[in-house]
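Below you'll find a set of structures to go through.
Shared chain: chain A. Partners: chain B in the first complex, chain C in the second.
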Partner chain A sequence: MLDKGKITSIQLALLIITVIASTSVLFLPSVIVQEAGRDSWIFIFPLAFGLAAAYLCVSLGLCFEDKSIIVYANEIMGKYIGSFIAALYIFFFIWLNTLVVRQFSIFINTAFMPETPELTFKIIIILLAAYAVKNGIEVITRSNQFMFPIFVIFYSLIIFFSLSEIDFTNFLPVLENGIKPVIKGSIAPASWIAEIILLLVLIPNINQPSELKKNSVYIIVVIVIIFVSDIIVTVGVLGANLTSHLVFPFLSLSRYSRATMVLERIETLVMLLWVAPVMVKVTAIHYCASISCAQFFNLSDYKSLVMPLGILTIVWSIILADNSRELVFIIDKIMPYYIFILALPIPALLLIIHKIKQKRSSKA
Partner chain B sequence: MKKIIVFVIIISYISLGSGCWSRREVESLAIVSAYTIDKVTVDGQDKYRTSALVFKPSASGQSIQGSGQTIEPYWIFSAVGDNIFDSGRNLSARSPRFMFSAHSDLIIVGERLAREDGINKVIDLILRHKDFRLRNYILITKGEALKILEASPELETILAQEITNIIENSSKNISKSYTVNIQKFTNTLMSLGQDAVTGKVEACTLSKFGTQKQPNKSIRLTGAAVFKDFKLAGWLSDTETKGFLYLINKAKMGVIPLSLPGSNKQNLSFSMRNANTKIIPIINDNEISFIVDVKAEGNIGDVEDNISVAEPEQIIEIEKIANKKITNIIRSAVQKSQELEADIVGFGEIIHRRNPKVWKEISADWKNLYPYLDININVETEIHGTGMISDPIDIE
Partner chain C sequence: MQRLTKKIKKLTEKISNKENKNTENNPLSPYLEKNKKRFEDIFNDASDIIFRELKFSSSEYSVNALIIYVDGLVDSSLISKGVLNPIMTDSLNVSKEKLNSTSVFENIKERFLAVGEINELEQINCIVDFVLSGCTALIIDGFDKALMISAKGWETRALEEPEAEPIIRGPREGFTENIRVNTAQLRRRIRTSRFKIETMKIGSLTKTDVFIAYIKGIVNDKVVDEVKKRLKRIKTDSILESCYIEELIEDEPYTPFAQMSATERPDKVSAGLLEGQVAILVDNTPFVLVVPYTFPQFLQASEDYYNRYTWSSFLRILRFISLNIALLLPSIYVAVTTYHQEMIPTPLLISIASAREGLPFPAFVEAIIMETIFEILREAGVRLPRPVGQAVSIVGALVIGEAAVTAGLISPAIVIVVALTAIASFAIPSLEGTYAIRLVRFPIIFLAGALGLFGVITALLILLIHLCSLRSFGVPFLSPIAPLSIRDLKDSFLRFPWWAMFTRPRLIGYKEPARQKYKLKPEPPASRNNNDNKGGN
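So, the complex of A and B:
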């Protein structure tokens, strides 16, 4: 165990919710509405997918309560294949972090501070994240416990202010083109839910792992509620046609909504709502990347890896995509396939092989 | 000692490091409250002209001493460029301060730009830039939009404020003009089953009176502008706009002048307090028609002739006349839109929402179908009372 910190499974659940919801809230409607149009709120596929991924990850993790996937992949699959699987996950964590950092800097740069170089935001967020990661998982979850209510309150405020503007005729007709576009549109959002695979690395730090099965269902349900409310309000207020053209629909929504003619221009809330949880998200992913990297190389301490990985993330996030549309392409068209492989087939494979091995050894 | 040093460092960080990179000081901003965009011909070439109405806070209420002349609290200036964004940026060549658009409320587009180039150019620019809001109003004017800015506000300090306040507070009392914000306008522009309509503003000349120097021009919201395939197709008059408002269920208050039988004067008014419209599509095998059901309620606003209105039968009589009148108003709007071949009410969208299967078959051909559509109008008026008096006053 590289990090002796212990967290409760509720703390972990809150952390995972922040990780998944923070970036998605802003981009979700435009991604899904482009394909699914007025029917975007029908969110069955991501729900089913999320539940399946959560079930697999939790049941796999609970077989090895005090080890992370980097360690037990070796035990189950042998040295070479196991190391390959572990490397896939490590690569994914670093890659995911670069995507988030890039999204963060592009958003602040386009929507709020066009004259500040993007690099500034990247350095600031990585420095903060590195500091938190060095302090261990307990500090990360505690800072998240502090951020989470802020996130929920501001998010609900924006939703609440927009409720009176919802025009439900924007959702008619229902399922005009059948269910196909809906499923096509929800592939990317489903892959965001699959970020729950961070559990595979974080499970050893929980003090009552048995509660996690129940809590992982809560995670998915809360996430789906946040996603669906986001879509319903954005499409209901702005209309499906316009939403599909917006890059940050939720920001446009917050600029549009106003409370009783008095409280207008509440988009600063979005800035707060976005920056604080994204900081937590970057921290959590960075933590997973550093600790799994240290486990992979059998280091005695993960802290020496934090800054090098941070610098790698900053540089990679610059060369990752030439412009914002390329980033959107990566997130929409490439990331889903990668994360699907890591969230469904690999855990399923590991789980099956582990069960078979267990049966054999108990028979023998 | 160490603690004190750390404390001093932290405090100095807060005080010295609190500046933001992309900050803007209020003194260095020119706060734009309205933009107008025109297409103009300069030396035989088509160019675009953007004008800005800038709020001048220091000058409000001041007057040059001795001369008795007041400085206007606003500043209007324009620039020409090869396209709309270029001309907007060229404004900076004349502005000593940074052009700050986040507080602009209005965009007024000239007739020529809307008719020749299409309004989608302007909408794209507005949506693309972070400073403009989806809640801004977009208005069209006959002739050049810059002419509107030459008018002076009469009650408010700045013209943009005056126009927005008319839109938000007063225009709904008469239901004679229609305005939309960018969000609604864009959605109707992008809809296959509906053509877009937006507000029309015009400058009107005032006559001077008294010794006081009065503004010689002011603005008025009147009618609406109809778009077809992004391009300005025509105008709705006041009456047609009222009919249009009935059709989209936005006519809530207003005055309907009526003439009683046997009189050729409009000697009675129905003061409408509320109205509700339902549009029901009727689809038989090949025939599509619509029924428009309007229920209007209100009182008698005034009686300008010596007619008795105290008896219930007389009220019923007036209700019948009002039904006819409102039907005619609505019909005029329908006829105009069919003439322009622009489905401004969104009859197509109604079919789309109710019968997606039927819509799939006819959507491609909807533009040709619409002008020949059968639209039946039923109006039911209810007069609740005659106000504070019953019969008009008379010599007894």
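So, the complex of A and C:
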């Protein structure tokens, strides 16, 4: 074990919820509404997909309680195929991190501080993440646990203050174009839920792994509740047409809610509060990337990899996409397929082969 | 670099060699003259050491004796009444069969010395240590052991109210510089045999008494062992204050946050002991260290538990707000006025802008200058003698507050901000808490000046990660918030009534979690009777 820190499964669940919800809350409505229109709130496909991915990841992880997928992929599939699978995951973690960092810097830059170069935000978020990653998984989960109530309170406040503005006629007629566009639109959100595959690396650090099965269901349910409430409020207030044309509909929503008399233009605060969960997200993914990389190369310490991988992430996030449209294209059209492969077929394959091997050895 | 470390190693080896020499075997000899010569050699040129020769004699038998003590460290009236008087006068009345050369030692010890605590010692260096710590040595001719009479008594400060932690309701006495008085104050509050006080001497020259106090059964034994292990690791020549120890035994040295509390209040220490904490008492200082220490204790004053819980809870919330003001107000002012003017309501924005018209410095520079000046004023006020200190505060308030604004050097808004920050920082009850917050404030102002509110949030995240990474003797610094323990939140941001706090903190006092009976909530007699009847049925 490279990091001896132990966390509870609830702490891990909170971490995964923050990881998945942080970026999604901002980008979800516009992505899904473009395809599914006013029926976006019908969220069955991502829910089913998320539950399936969670079930596979958790049951695979619980077969090897003190190892991560980087290690046991080798044991199940042999050296070459196992290493290939491990490399796929590592590549994905780093790639996912570059996507998040790019999303973050573009967002802050366009909506918040247009005169400061994008690179500043990338460097700051990576430095923050590197500092947290070097302190280990315990510190990451604890700082997330500290902030989680604040996220929940602010999210529900924004939802609460928008409730009075919701016009339910915006949702009518239901399923005018059939179920097809709904499923098509929810492919991208489903792929975001599949970020639960971080579990495959984090399970060895849990105190009581047996509770994780129950908690993974909670994770998916909470995520879906957050997503659906996000969609209902944005579509209900802004209408499907307007939502699909806005870049950050949730931010526009917060302009509607005039909660305070002291401060005006509260969306600045929303943006600021958004920095914290994204930091947690980058930290968690960066941690997974560094620790699985260290396991892959059999290093004795993952901390020496934190800064090099951080620099790689910064550089890659610059050359990843020329502009925000290209980035949205990657997130919308490329990432889902990649993450589907990592979240469903590969864990299923590993699980089946492991079970077969187990049966054979018990027979013999 | 290597040469430097080698040199340091060589230097520190010398210290440990010296210590070894001191513990060499060196027994007393049976001849008084010889012993006297040796002690005179050891205490050569030390004018405060008193050698007093006397004779223990009856009509037929007499023996010479020697008393050694440090003038000023012993209770001289007790020495004359309890030691000199019985030996020199009462011995004349002793019948002769009781006195011969073999039994005289036991006789003196058992029948003549009218003093409570007496030890027998044979090693010269031990005797020297005892004498230097205030004991009186009685050496009798013909015996190779000495009687160490504990008749300590020196001038100390009387019990006073601790100036650093004043309260309105509650006990007013504080610790003193005398460690025995301090332990007595604790013992008076906790009258159980489970309350243990272990002793230790640290410092090759100062030989300071360091006591470890805890309540067996409540305390986590691992923490006690860890405290002892860390204290034993200390090899130094001097311990003059508990801070010496604090810096040598803390978990994380590179941080502005103290990981143990230092307090002058015996009631606070007792409360800590009863929750499973360990107290480290150091001689010659009224400040007692208490470990493990967690972040919510920043906001806890001992008075919280002596006032009604409603009021205390209100105070806790006030303190939490003032903690945030002390930490963030100047940086938020800088960020909002320089980067996010759109967040300020228009009338306020106009008044701030008109006040800032024609000012020479940007808000960031103003904030840094004013915060620094305030800290200088505060420091000057503390260091100067009382009457002059007041003059400083008047001059500071007038010149910096009034004159600088009218002269058009700084804006009135920043004066308000700095004053608010200062007041808020004084509302944090723990000293180590205010120090940390006031220090951390400056980097946050810098980040706010560079990146606006984004910089502030970055600073807060760094601070949070740092606090999460801290531990105090194995207990996470941010517990019970992260890792969360809902049960222990009863005594963090609010102070629940005593009947609701029936458990000890989970991470510190988990060995005996129940503090009191579960149902202590007072009820009027009528409903109590009903309940009893129900129970009976």
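Definition applied: the second predicted complex is superposed on the first by the 357 of 364 C-alpha atoms of A that agree within 3 Å, B and C clash if a C-alpha of one lies under 4 Å from a C-alpha of the other, contacts with A are read in each partner's own complex, and residues count from 1 in each chain.
By our rule, a contact is a pair of C-beta atoms (placed from the backbone, for glycine too) under 8 Å apart; a residue touches a chain by one contact, two chains touch by 3 or more.
None of the values given here were measured: they were computed from a predicted structure.
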Discussion item. Quick check for you: in the superposed arrangement, does A:T116 touch first (chain B), second (chain C), both or neither?
Written reply: both
Item to complete: Could you say whether A:V275 touches chain B, chain C, both of them, or neither, answering first, second, both or neither?
Response: second
Discussion item. Is A:F146 touching anything from chain B or chain C once the two structures are fitted on A? First, second, both or neither.
Written reply: second
Worksheet item: Once the shared chain is lined up, is A:G178 touching chain B (first), chain C (second), both, or neither of them?
Response: neither
Worksheet item: More residues of chain A in touch with chain C or with chain B?
Response: C
Discussion item. On the A-aligned overlay, A:I124 touches which partner chain: chain B = first, chain C = second, or both, or neither?
Written reply: second
Item to complete: Share the list of chain A residues that count as touching for chain B in one structure and for chain C in the other.
Response: 112-113, 116, 120
Fill in: Partner chain A, residues of chain B touching it in the complex
20-22, 127, 130, 133-135, 183, 186-187, 190-191, 352-354, 356
Worksheet, complete the sentence: chain B partner, complex, touching residues on chain A are 110-116, 120, 169, 172-173, 176, 238-239, 241-242, 245-246, 252, 255-256, 258
Worksheet item: For chain C, which residues count as touching chain A in their complex?
Response: 339-340, 342-346, 451-454, 456-458, 461-462, 464-465, 468-469, 476, 478, 481-484
Worksheet item: Which chain A residues qualify as touching chain C in the complex?
Response: 8, 11, 108, 112-113, 116, 120-121, 124, 128, 131-132, 135-136, 138-139, 142-143, 145-147, 261-265, 268-269, 272-273, 275-276, 279
